[in-house]
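My questions all concern the structure below.
Labels for the chains are A, B, C, D, E, F, G and H, by order of writing; each one numbers its residues from 1.
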Amino acid sequence: MPGKPLVAIIMGSDSDLPIMKEASKLLNDFGVRFEVKVLSAHRTPELARKFAMNAKRDGFQVIIAGAGGAAHLAGVLASHTTLPVIGVPIETKYLKGIDSLFSTVQMPGGVPVSCMSIGKSGAKNAGISALQILALRDIKIHRKLDLFRKDMVKVIKKKNKNLNLRVG
Amino acid sequence: MPGKPLVAIIMGSDSDLPIMKEASKLLNDFGVRFEVKVLSAHRTPELARKFAMNAKRDGFQVIIAGAGGAAHLAGVLASHTTLPVIGVPIETKYLKGIDSLFSTVQMPGGVPVSCMSIGKSGAKNAGISALQILALRDIKIHRKLDLFRKDMVKVIKKKNKNLNLRVG
Amino acid sequence: MPGKPLVAIIMGSDSDLPIMKEASKLLNDFGVRFEVKVLSAHRTPELARKFAMNAKRDGFQVIIAGAGGAAHLAGVLASHTTLPVIGVPIETKYLKGIDSLFSTVQMPGGVPVSCMSIGKSGAKNAGISALQILALRDIKIHRKLDLFRKDMVKVIKKKNKNLNLRVG
Amino acid sequence: MPGKPLVAIIMGSDSDLPIMKEASKLLNDFGVRFEVKVLSAHRTPELARKFAMNAKRDGFQVIIAGAGGAAHLAGVLASHTTLPVIGVPIETKYLKGIDSLFSTVQMPGGVPVSCMSIGKSGAKNAGISALQILALRDIKIHRKLDLFRKDMVKVIKKKNKNLNLRVG
Amino acid sequence: MPGKPLVAIIMGSDSDLPIMKEASKLLNDFGVRFEVKVLSAHRTPELARKFAMNAKRDGFQVIIAGAGGAAHLAGVLASHTTLPVIGVPIETKYLKGIDSLFSTVQMPGGVPVSCMSIGKSGAKNAGISALQILALRDIKIHRKLDLFRKDMVKVIKKKNKNLNLRVG
Amino acid sequence: MPGKPLVAIIMGSDSDLPIMKEASKLLNDFGVRFEVKVLSAHRTPELARKFAMNAKRDGFQVIIAGAGGAAHLAGVLASHTTLPVIGVPIETKYLKGIDSLFSTVQMPGGVPVSCMSIGKSGAKNAGISALQILALRDIKIHRKLDLFRKDMVKVIKKKNKNLNLRVG
Amino acid sequence: MPGKPLVAIIMGSDSDLPIMKEASKLLNDFGVRFEVKVLSAHRTPELARKFAMNAKRDGFQVIIAGAGGAAHLAGVLASHTTLPVIGVPIETKYLKGIDSLFSTVQMPGGVPVSCMSIGKSGAKNAGISALQILALRDIKIHRKLDLFRKDMVKVIKKKNKNLNLRVG
Amino acid sequence: MPGKPLVAIIMGSDSDLPIMKEASKLLNDFGVRFEVKVLSAHRTPELARKFAMNAKRDGFQVIIAGAGGAAHLAGVLASHTTLPVIGVPIETKYLKGIDSLFSTVQMPGGVPVSCMSIGKSGAKNAGISALQILALRDIKIHRKLDLFRKDMVKVIKKKNKNLNLRVG
């Protein structure tokens, strides 16, 4: 896919990659250009700041940010840009992502972060959410989203057929 | 503001109006057309469904949905449209909105809801979030968002001056 | 068992089957006809709606619905029928079912869902709960429920005998 | 309303009456006979036990039980009867009813309690839930439930009209 | 150890035995007679009631009760006796024992349960707690408790010596 | 009441007095001698230590300790004595006593604290719990406890009579 | 107090001033120079960054930061300096500061924040904590801290005298 | 490293060593002398008290304390010294360290504990936090901390290079 990436997928640590790949796979399937980066709000604040300040100028339309614990990444990026920022709370070892969720979702009035569910389903939905925003000006993505929805119905209808064989 | 509304602000009960007005005030300030409606996922499922199914055709670009408790409203609307749906968890009397938050944010992979913080700041951020999406194709909104950010800085700088008089 | 099913067991995903089988096993043991279906509140809203709207006409007396996360399934079904709807919160990977519990139990006044405990014991109790409702007009089920209770006492009495051999 | 009561509304303390009246009001509106009693699982275990053991024989079809804190009432009643028992977790001063919710809903496999939401909406839904069970064999209650649903839609439609005057 | 048992160790399910053995081991080490029983508040309410009503007459001085989930066992036993009842919240699969804790500890004024920590350490402490009560009238147990404390100090002192070899 | 006090009621701050008076009132009603003291685990560790080390020698049989937040008081007292220590978690302004509860109840194996419910009902139950321990060797207290139970039944029976006038 | 301030008290909003004054009062009492500033991690990220980057050069020894909700302030300041950063979680309207606590305390390995308790007691302790750090190289502060501790003991001893008049 | 240790690493149980080694490794890397000890607030209160009372005289500048459950260790040490005390909440089996966190962080006004995040990252940050305090008077540690920060940036930059190879 030539051309500049439209979506940035930022994660606080490369250990978050197996989670955040749910977002990149989806963008890939839809043929939308994206870039993946590790940027820590706490360990690389300057890199995170520069990325966010230049994101609009660099052609990005949506930023997806995944982080765990005191998950400040999405909020820090959002403080440096007016692009839509989608936050994915990553599971933590002890508090199971409730800390990540509160740190991502409870943003003060004025600087929003669009928070998804915890973990893989959240990362997948971050990808779909970015696509829904892009679809507002791109009829091809819009049509693909409609097909994506119809496929979900087909999958479940098929599962119901198999189900009858498994119960009883 | 003539023309069709671009943003729908849906709430589960008219008692949520004082909260959700934070979103409508902001859209009003930015000169963006919107519509406000009470639609309950549980008490008026047919009305909610029809609204969501027709929302794109009716010209809406973004849906904001606020609800409390087993807050299914944003999820139910999102199940009937591929427009971006922004969810605002409304405070509840007993569990203080933690139930609304979980019911809004923990959506399964495939059907995203963009969850904001609980209550008024969340409603305000839902408005800003909608504007950030619209700003991707509307340079005027984009510029106003930049000014909005700069105003926040001015307000805090001014508060710091007053602060020195209040401490010590 | 010929004739129309009296109880519907609906689940949000076929991965919930190992949990929800606790309900079907029990209905099977009691000789009560039932049907098992995968219907997602979010991915197949039209299928879920149609099922619920027709459930009474189709002869169902009780609906059991199991779902996890932002578990809207029981609530969505309840919004389309006045049949008793029993909700089973399914465990989630990160929040361990507390999200499923809040999304299932915290229904607004007007549209009840009868919430069971999280996971397998909840699914089993959903089956018993359906039987207790059916027993109000079916003396055979009523008698079987009495025997079921007596069996539980026998099991525990027997365990106490074995216990004495294991402690000491 | 002459004849034996069909629904029992039991509460752990008479201070729970303002909450539990939401259930009795509804049964009253539907013309269903009921009885209200204070019975504590801990302070009057013998009274609670005798009530539950005789409830079926005394003509009751459904038991509603509201209690707070280590809310054992619904579970204790359920242990002595196979009638459907609907539990209403009452708000507590410190933990806000999360303790009542867990104590009511997390019943072990074998002895179900149908748990409603915390507080007033839960009590109201307990009433509706009881009516939905009774409606399975009483066409009049069934029709009234349908009207009750339609009235909810009317109320919301009316609210939407007033809403337009309040926003903007 | 001839004679009647002084302490009863009751558990809601025989699957709780590996936890509750922490209590029986300790009583065994101190030479205090005890009895272990499975009694469920919900599945065998009559057995539980009779046990508790007769416990004092049967010579018991302290009752230890371990249960999980909507853990009503300790509360139900306490409602039928004025003997000290010590509750041990057993871990649950999904909510990790926070449900057991709330159901055990949040007893209403008038009927106390002495709640221990969740799981094995709680069961062990239930044993010690029972011994501390018995020690008020038994100088031998009192002295053994003092030695038990001193042994804990010795163990930690010894660990500190080994620690120096492991760090550095 | 001449003679040495048998029960000590210790609180972390004199602001806890309105809560802890629930315990002292009860002991007073039963004619049991007690002493009330403010001792902070953190602000007066030496006073707390000396009190606990000498408590047995000074004739105390039971120690009741109420504290809020990182409520270390009961645990610190328990670390210096083998007398039964009953802990009352006091409500806190922000976390509503869940912090006090965890800090009081989650004691490590070896040093038990008997935890009561949060706040006033917990303080009242601490008093009853102390009486239940003392009753093991004092037949008068035992008889009064039986009467106390019977009075609770009478109160509830009376409330049921008044209830009939208030409902319907 | 002439000379450069040693401690910075930063808060996310001037509405936090009544809380954070607990810290400034204490520093004032100890004669330690400090500066109070409103700096928002999200609304004024550049001001917050510059302050933290220059804090050491400007002579600060300790930074105290109070914020609520998705409380990123302490973490953001800590990411730009190696000075000790003490975080005070400010109570929030809905989640009561549990969100602020998790967002402040759950910092990733590499960039610590020293988290205090929620609200006023936390702000007070932030002041004492700063003083304990400064006391390592300032014998006067060290002595004052010792006196401060002794005063706490005196206050409690005095309260015990008054207590005897209030109980019984 | 000759000379007296500057930092004490205290843990409630030697099973906490794998967690607390994160702190000792870091101090070792920075060439700062430290001592590791097992001291239980509950099982060895006298040892803990003596250690804390003498810590300053013995040359310690900072105390790090890790404990789980009703984690009183940091608070108990802090009650006997005015040295900075850094608390590390250790994960517990059932409540996952939320109990340890509340017991460590919710200290009353007057006696601060600097609380780190739960588990290994918290122990590592306790080490860094101690170094940040020592760095105020030791330019070498200060420089090493700056390098440590720069190394974190290098590591993440390098990870970004590898990332491009893994995505796509």
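Note that in this section a residue touches a chain if its C-beta (ideal position, glycine included) is under 8 Å from a C-beta of that chain, and two chains touch if they have at least 3 such contacts.
Just so it is clear, the model here is predicted, and its values are computed rather than measured.
**Q** Return the chains common to the contact lists of chain F and chain G.
**A** H
**Q** Within the chain touch network, how many edges lie on the shortest path between chain C and chain E?
**A** Between chain C and chain E, the shortest chain-hopping route counts 1.
**Q** Same residues or different residues: which describes how chain B and chain G meet, taking over half shared numbers as same?
**A** different
**Q** Between chain G and chain H, two copies of one chain sequence, what rotation angle (nearest 5 degrees) aligns their Cα atoms?
**A** 180
**Q** Any idea how many Å lie between the Cα centroids of chain D and chain E?
**A** Computed from C-alpha means, the inter-chain centre distance equals 35 Å.
**Q** Measure off the straight-line distance from the CA centroid of chain B to the CA centroid of chain H, and report it in whole Å.
**A** Those two chain centres are 42 Å apart.
**Q** Just give me the whole-number Å value for how far the CA centre of chain B lies from that of chain F.
**A** A distance of 49 Å separates the two centres.
**Q** Could you check chain D for residues that touch two or more other chains and list them?
**A** Residues 40, 43, 69-70, 95-96, 98, 105-108, 110-111, 113, 117-118, 121, 149, 152 of chain D each touch two or more of the other chains.
**Q** What is the complete set of touching chain pairs?
**A** A-B, A-C, A-G, A-H, B-C, B-D, B-G, C-D, C-E, D-E, D-F, E-F, E-H, F-G, F-H, G-H
**Q** Going by the contact rule at the top, pick out the chain E residues touching chain C in the complex.
**A** Against chain C, the touching part of chain E is residues 14, 17, 21, 24, 36-40, 43-44, 46-47, 69-70, 93-96.
**Q** Chain E touches which residues of chain C in the complex?
**A** By the definition above, chain C touches chain E via 91, 96-98, 117-119, 121, 149, 152-153, 156-157, 159-160, 162-164, 166-167.
**Q** Using the touch definition up top, name the residues of chain C that touch chain D in the complex.
**A** It comes out as residues 22, 61, 82-84, 86, 101, 105-118, 120-121, 124-126, 128-129, 132-133, 135-137, 142, 145-146, 148-149, 152.
**Q** Which residues of chain H touch chain F in their complex?
**A** For chain H paired with chain F, touching residues are 12-13, 40-43, 45, 49, 68-70, 72, 75-76, 78-80, 92, 95, 98-99, 102-108, 110-111, 113.
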